[in-house]
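Some notes on the structure that comes next.
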Amino acid sequence: MYTLTPLIVLYAIIPVILDGVERKLKAALQSRIGPPVAQTIYDLLKLVLVKEIKTQPTILYVYLSLTSSIVTGLASLYYITLYALRGDQVDMFYALALFAITTSTHTVTPLIVPNPYSFIGGIREVVLGVVNEAALITSISLYTIMAQRSVLKSTQWVTIIAVALVALTAFIASYVASSRVPFDIAEAEPEVASGIFVEFSGSVLALNIYSLLLRRLIVKLLVLAPTVGLLYGFSLTGLLVVLLLLPATWVTYATVAVILGRSRVDVAPLTLAKIYIALILISITVLLVQAYA
Amino acid sequence: MSHKPLKLIIIAGSKGRVTVKYPYQEPLITPEFRGEIEIDPAKCIGCGACVKACPPNALELLESEKEVILRYFVGRCIFCWRCIDVCPVNAIKGTRNFELATDKHTDLYTLVVHTRTTCEICGKPFETTRMQRYIAEKSPVTEEYASICPDCRKRLLAETVSARRVGISEHKE
Amino acid sequence: MSIKSSILKRSIWVFHLNTGSCNACDIEILDALTPFHDAERFGVKLVVSPRHADAMLLTGPVTAEALPKVINAIEAMPRPRMIIALGSCGCGGGIWHDTYSTIGGVNKLLEILKERGIVVDAVYYVPGCPIRPEALLYAVASIKGIVSKKREMKIYKAE
Amino acid sequence: MLNLEETTKYIELASKSGGQAKIEGDTVFITIPPDRLVDVADTIFNKYNTSFRVCAGVDERPLNGHFSLVHLFTDDKAGLYVAVKTYLSGESPVAPSITSVVPAADWCEMEARDLLGIEFTGRETYRLVLPPWWPSNLYPLRKETPYNYRPEPRLESEKLGYSREYGVIPLGPYHPALHEPEYFELYVEGERVVDVKYRGFHVHRGVEKLAESRMSYQQVNFLAERICGICGFVHSTCYALAVEKAAKLDVPERAQFIRSIVLEVERIHSHLLLLGVAFHLLGYDAGFMHIWRIRERVMQLAELLTGSRKTYGINLVGGVRRDVNEEKKQKTLEALRELGREFKNFIEVAISVPQVKKRLTRSGVLPREEAVKLSVEGPVARASGVNKDARRDLPYAAYKYVSFKVPVYTEGDNLARVLVRVDEVFESISIIEQLLDKLPGGSILLTDFEIPEGRVGVQVVEAPRGGDIHYVVTGKGAPYRWRVRAPTYANIPALRVMLRDQPLADAPITIASIDPCFSCTDRVVVVRDGRIEEIKLTQLVK
């Protein structure tokens, strides 16, 4: 019904620019000037231009997995947009499925590389990912289902609570999935030298960084779309509202990342798991109570 | 989980951006700073006092038949300014210049080329011309010895002594 | 080509390679990143793997013990690679330029690299003991062509 | 200052064990035959509860045809230095090892073995010093070896050893957590460290030999300063004080005050530096940036007082080169006030960050008894409940004129080590204010004095990382022997205890928490398994 190709191109550029904004904000919070907003673009272009060192025999697979991660990412963005426009939850489930592929491909990439640091980083990301992706997908599916029904019309407070809890879970999960401090334990530079990227150079590194940024964009839209849908409704203006809210969300996430320190690899997944299970269980029970009452 | 970490935003806000926009602005540098040294070729007498004092051998005397070269290699200088302390004629003065970055190694050298005098007797290369004049000015007494190299000076002394003893000078002109 | 080089100049990722320096230059490098100097303004980023680096910030006189690791690290850099020799140790071997356990600065290192066929595309010398953070910023600025080179070889004739 | 009954016991000990003792200033020099060394060391270290500092081998063959070995202790309660000297044969020097009674003597004995060729009995000896390819019969510190003789380097770097059952994580030599080339091998089970091997000492620059050969007394000040770029002024002060003690010079009080002031300025900058790095390692980069923003004020202050941001270069034997005038004094006080306020504000915020707090507490614990056994130094010791500080125990420069607290914590974890440093920053600020307040008049530099040959000076200076000790034997125009032992030298062995059974993620912060200063430590190169080759001595003559 709508032609979304220009929008996809926009999606491809947004994360790089917003990352520039994030770095600027970070600098401001550290009371310095910081790089120009376009710095991330320069970095990526530079990485593409330098001669990359093909040390790894597995480099081809790295290319493949990263490319597929990016492609699926863009595809899932397409479906999120459709969802934001039409409110058809099937689109959302497509988006989630595609995003799962994006994450998993991006996550296994470091495991392909025979390097101790990449391996540690990879394993860490898997451990955290298993916990978090589960929570993310469950909570967002629930969230979508609720957003589908116009629950806010109903005056039952239990429903409101349930929605609120699910929304909270979804937001936490999306924050963690954006792999920022305190949950960037995979890239934890001082702990494993330069984290999972250590062996990559040139365009592979560029691809890796880009797919990470793309993931950051997706996880934000994943929670923004249902929220706006819930509060405002699904329409073209709804989509515009989502796109307007996007920078705000990005900045908020960035600020949180600046004022916190890095969590520890063995602590983070456990605490998260506890929180998630609690929240989701509560909300489900609340829903059931409401259903049978 | 306390609210304290959020105070960071207040601190950052109150501080603002402290960055000094060097090179577009003046750098954060005090008048005390010890930077590159400047050798005044008009004053330097090539005595080598600074060379003896220099801890990293950034100052070196290169001697050849005709000339003595005082070489300052800023790439090895540790900016201690000991040379300034010891220079007998205050030919070296300190600056606050630290903008020395270059892509050519040779840019880091400063050479002061001194001509040498030769010993009046044996004709061996000897102290720098400047040095000779400096000594002459400082102690006019040694005028006639100032242009004679140490070994010749020794020989002369020995001969004059023996001449006094024996009565005949073996020193033939 | 000119476009390429201009893009390369816009983002300079540096790897900090301490080859046995006394730490003074090393902490001044970190200092150059901190709020008062903020090298990130020029697109400088301190990376922690030589694979990511465009320039090598080489401090220290290159001790015999560190030499093999130093060579490996430089070999791991993607082309075009640049070495920025920092401080009096990096540029000229410093106060220990002729001791038994150092090789005496970047020039000797470059010879060894040449022997082993490892190409270095550009070398920069930044004197100072230690370098001021501003001296590093000045070097970066002159690499980007913001400021012009001031120091050149001086030969005076004193009669 | 030193009471007689304290010294008498050492004199008796010397005479009991067939040697003699003499007292010069605050130092007791004991000379004993080698065969009595072990039990004398045992009595001094374990019975008199002194702290072992370092041992130094000296090549005295040009003087008396012997090698000599000096073990340095300090009796912190009595404020005494104790130097136990034994003469060894000039041809084939062999000394009994005291590691059985003083474990901390391990490294310095191996250092003497490799740099001077002194063999040790009663312990397992290994090639400790110099790279693997270094010729076995080339001893750099022997007088006949030229300081600038360079054997052709072989380009090989070795692994420490492999482990079947555990994964090996190399940490370094170039690693974001270490800003110096050092190599740790962490043996891990999953994310848990089960063992650590340390392979450091890439920063050996031949400092001691250089001082004995190419340099003159005043030049060595600048060399000493460049042993370490972070605590360099400590080294130059320590060297200058040692020489002055040996030559019995009385340095102007004003100079001593200025030295103390600059030492404290250096301590503040060093502690802030470490705190910043620690926060960075905990992923709290805002902490790093703001701490270093605050630190920048100290750097400018240092430049104002000395003329350089680091490696101040104002120390000379006999005094200092830069004076403090009224204007500088006011600026300093004003800067310190500002600094104290900002630091107080920010450190509260930083410590309150949940992750920072959580990861510092109960990680990298060093129990008190271990700390005593390994005789660790400085904040590491004080965080483990060992109450020692050379500024108070062996007062030097102008510290006897000021009053200050020595913060001691008992937890022995990373948080304790951080907090000790936080407290010391405030103490240093107050010390500087006191010193500036009491600053006496007069000259700042002693001119025209001479330094007699063959005298010995020992001096301890409390560096930001702990006790730094210099041992100087005066010579002709330059030190005959100059031995430096930096605090990190004593602290690194403690890492093994701290890291074991820790999560891998905590390894960097734990390593950083001893504030390692490798360039101080690495005047020598440690090699566990070195392939050793012979060379003809004729090759030396060049």
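When the chains are written out, they are named A, B, C and D in that same order, and each has its own residue count from 1.
What we mean here is this: a contact is a pair of C-beta atoms (placed from the backbone, for glycine too) under 8 Å apart; a residue touches a chain by one contact, two chains touch by 3 or more.
Just so it is clear, the model here is predicted, and its values are computed rather than measured.
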For chain C and chain D, chains touching each: A, B
Which of B-C and A-B has more C-beta pairs touching across its chains: B-C
Inter-centroid spacing, chain C versus chain B (mean Cα positions, whole Å): 27
Cα-centroid distance, chain A relative to chain B, in whole angstrom: 63
Chain centre separation (chain A, chain C; CA means) in Å: 38
Residue numbers of chain C (touch at least two other chains): 34-36, 38, 41, 48, 94-95, 98, 129, 132
Where chain B touches two or more other chains at once, by residue number: 5, 8, 12, 15, 17-19, 21, 28-29, 55-56, 78-79
Contacts with 2+ other chains: residues of chain D: 175-176, 222-223, 226, 286, 289-290, 293, 296, 311, 353-354
Arrangement of touching chains [line / ring / star / complete / other]: complete
Contacting residues of chain C [partner chain A, same complex]: 4, 7-8, 10-11, 13, 34-36, 38, 40-41, 43, 45, 47-49, 51-52, 54, 76, 78-80
Chain C-facing residues of chain D, complex: 130-131, 140, 145-151, 153, 155-157, 173-176, 179-181, 201-207, 209-210, 214, 222-223, 226-230, 232, 273, 277, 288-290, 292-293, 295-296, 299, 309-311, 517, 519, 522, 525
Footprint of chain B on chain D - complex, ascending: 215-216, 218-219, 222-223, 226, 286, 290, 293, 296, 300, 303-308, 311, 313, 321-322, 345-346, 348-349, 352-354
Touch list for chain A against partner chain D, complex: 26, 29-32, 116, 120, 181-182, 184-185, 188-191, 193-194, 258-267
Touching residues (chain side chain D, partner chain A) in the complex: 167-170, 175-177, 191, 279-287, 289-290, 293, 353-356, 358-359, 503-508
